[in-house]
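Everything below concerns the one structure shown next.
We call the chains A, B, C and D, going by the order they appear; numbering starts again at 1 in every chain.
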Amino acid sequence: MKTNRVITILFFLLLVLIPLDFFLIFKVAPTEKVMGDVQRIFYLHVSIASGALLAFTGVFLSSILFLWTKKIAWDIAACTSAEIGVLLSTLVLITGSIWARPVWNVWWTWDPRLLTTLILWFIYVGYFLLRSGIADKFRKAQYSAVIGIIGFIDIPIVRYATKWWKSIHPLLTQNGGGLNPVMKKVMLFSITTFVVITIFLFFFRFRLARIEERLQILKKKMED
Amino acid sequence: MENWVYLFGAYTIAWLGVSFYLYINTKKQKGIEKRLADIEASLKDKK
Amino acid sequence: MKFMGHAISILRKDILLEIRGRESLSLMLFLSLLLLVIFNFALDIDIDNVSSLASGILWVIFVFSGILGMGRTSMAERDEEAYLSIVFSPVSAESFYIGKVLSNLLFLLIMECFTLLFFAILFDFEKIISLLPQLLPALFLGTLGFSLVGTLFSFLTSASRYGEVLLPFLYLPVVVPVILGGVTSMDIILNDKVGGADKWIQLLAVFDVLYFAISLILFRYIIEE
Amino acid sequence: MNIIELRDIKKQYHAKTALDGIDITVREGDSVTIFGSNGAGKTTLLKVISGIMSPTEGKVFYNNKAYSESDIKKETFYLGHKTSLYNALTVQENMHFICRLFSINHKGEFVDSILKEHGLWERRSDPVNELSHGMKRRLALAKGFIINPKVFVLDEPFTGLDLKWRASVLSKIKDLRGKGKFLILATHLVEEGYELADYVAFLHKGRFLFIRKKEEVDIKEIKEFFHSPGDDLG
């Protein structure tokens, strides 16, 4: 199966990327003057966030393709990337609040980006709630595709609205504006690493979803 | 230095989360593959 | 124009359904009044803090009362699969959607007017009635936003077993920008703060246009099985 | 000559296969009765034919155009298990609403005459949820006669009707034959189904055991089929 090959390739790629990423973050990147070492959570937080955004983009595209082609495979792809999106956005929220604690000694900051992730998290948990509530496979796929599209289109609007609403973050977090060149390179590297991790997770889960599908079909053959 | 705990905590939680997700998937995968094998076997002797 | 003609007949049907069935509007009004009373105890409202709390309280009531109302109207469509008589008719999915948006919009606006009235009476805050003309644009655009998203999602969630629970779960995150826009612009107008309310009203307008376009395309997929 | 065609239709619900390879062609003016015991997939098949449900595999064609492009659904009347009426509205309000959708003049004599024919005239200003089950079924069917569309898809039109109304509904549906309409009917009532049909089909476990001209099949055989659908016909 071609997905197996992709999974193995990505696996070996990650064997190289992840240690390198750790080395860069903890050894190469300079310590931030104001926040000290804890600022290094920033690399992790932002790269997971990009992974989550990639996953939700995946849901958006697969949902459109499902509505276009009506092939169940796209629905499986959408549902898989939604699952990974929820996993990653949960981690973004956790790392976000762990980072906020030492820096602003508050567990939750109403920062526009964090707020957007929280709202996205709600929508895609709702995505799975909806899926579990509908029996017919085709109708379930069709309705969740609608949520997959609306959820994604909501991101810019919520970002825009919350950015106006309030932002207590210092300038530093204006998407890496305050980072010096070395930090920016390390940031870029860890974002790419996490993008590869997200793709690896996707194919890994996608393979499992396809086998689950085959099990369903075989179980039915057993009954006839 | 107290901040170090937050740094360490964030990284462990993140990587723990990802690897735990992978662990569940592999376990589910093995379970399903076994059941697939049983069903295919019983389908064969049914024919 | 046949297109709007169908939408209008669906609107008229919903009004008739409301008069006969008295399902969603009375429920919405009851909930608004109840929430006002609860807010009074919870926030201990008095003369000097009423104007700063007003916009927050009102928009929370609009949101939750609206969710309940729209959930009810879509239940009426799903009951006995009544909506199939619209699907199997020359009515296009788009005019079906617009008809439902108009009827939800109408009921929401009625509920909102009553809520504003109750608020003015209960907390003797006439200012909200006198400032109504300035408040109207944000109120209308916000309610339109609620109705656009609410119609799509209430129809979608009423098909699943968890209908009642699922609607707020999906609906609230998506309408956060409308709530922000509504609350801030009303707050600015009520307390004549600096920082133009029109910036927020533009946001509401952009939200409405965007969600009108998306929902118009996606609604067809919800009524097909 | 318009044709509705179903090619290799399959429909899966979770673990159950409702339809497993259905091929049928219905020409304008034909009336097809689909027999089958409960769970044979009659309702699913009718939902697919009417266009409210898309099949998991296979395609539905109207005049060789893919179903979704042609808006035949706009000229189809689908009578399902549910009445598709607004319970809170009265009989007349429901019918006037339908007339407005189909831009039929609801003030005129036409609607009233149909309500009279179906014995609903006395209850015309009562809300639908106050009607008896039989009356609701008759009203749901009467809606079809008001719309008078090209395609009739009727799922068990006789259930819930007493003998008197069963005969009158039978005669009304019979008048539709020969008027260039598609009439697709599913029932387990052999006599009524047989009488209305040009073609008779027997559905078992999501597959057609046979599709034959009425003359080629005897009523007794169909009855036997209901008891032992396993053995093939002839």
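Rule of thumb we're sticking to: contacts are C-beta pairs under 8 Å (C-beta built on N, C-alpha and C of every residue); 3 or more make two chains touch, one makes a residue touch a chain.
Being a predicted model, the structure only gives us computed values, none of them experimental.
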Chain pair with more C-beta contacts, A-D versus A-C: A-C
Distance-maximising chain from chain C - centres being C-alpha averages: B
Chain whose Cα mean lies nearest the overall Cα mean: C
Computed distance of Cα centres, chain D from chain A, in Å: 48
Interchain centroid distance [CA atoms averaged], chain A/chain C, Å: 32
Centre distance in Å when chain C and chain D are each reduced to the mean of their C-alpha atoms: 39
Multi-chain contact residues (two or more partners), chain D: 53-54
Overlap residues in chain A, where contacts from two or more other chains coincide: 136, 138, 219
In contact (per the touch rule at the top): chain pairs: A-B, A-C, A-D, C-D
Residue ranges of chain C in contact with chain A within the complex: 152, 156-157, 159-163, 165-166, 169-170, 172-174, 176-177, 180-181, 184, 199-200, 203, 206-207, 210, 214, 218, 221-222, 224-225
Partner chain A, residues of chain D touching it in the complex: 12-17, 53-54, 56
Complex contact set, residues of chain C against chain D: 2, 5-6, 9, 12-13, 16-17, 20-21, 23, 76, 79-91, 224-225
Chain D residues within the chain C interface of the complex: 47, 50, 52-54, 73-74, 76-78, 80, 82-90, 93, 97-98, 100-103, 127, 143, 147, 149
Touching residues on chain A, where the partner in the complex is chain C: 67, 119-120, 122-123, 125-126, 129-130, 132-134, 136, 138-139, 142-143, 145-147, 149-151, 153-154, 157-158, 160-162, 164-165
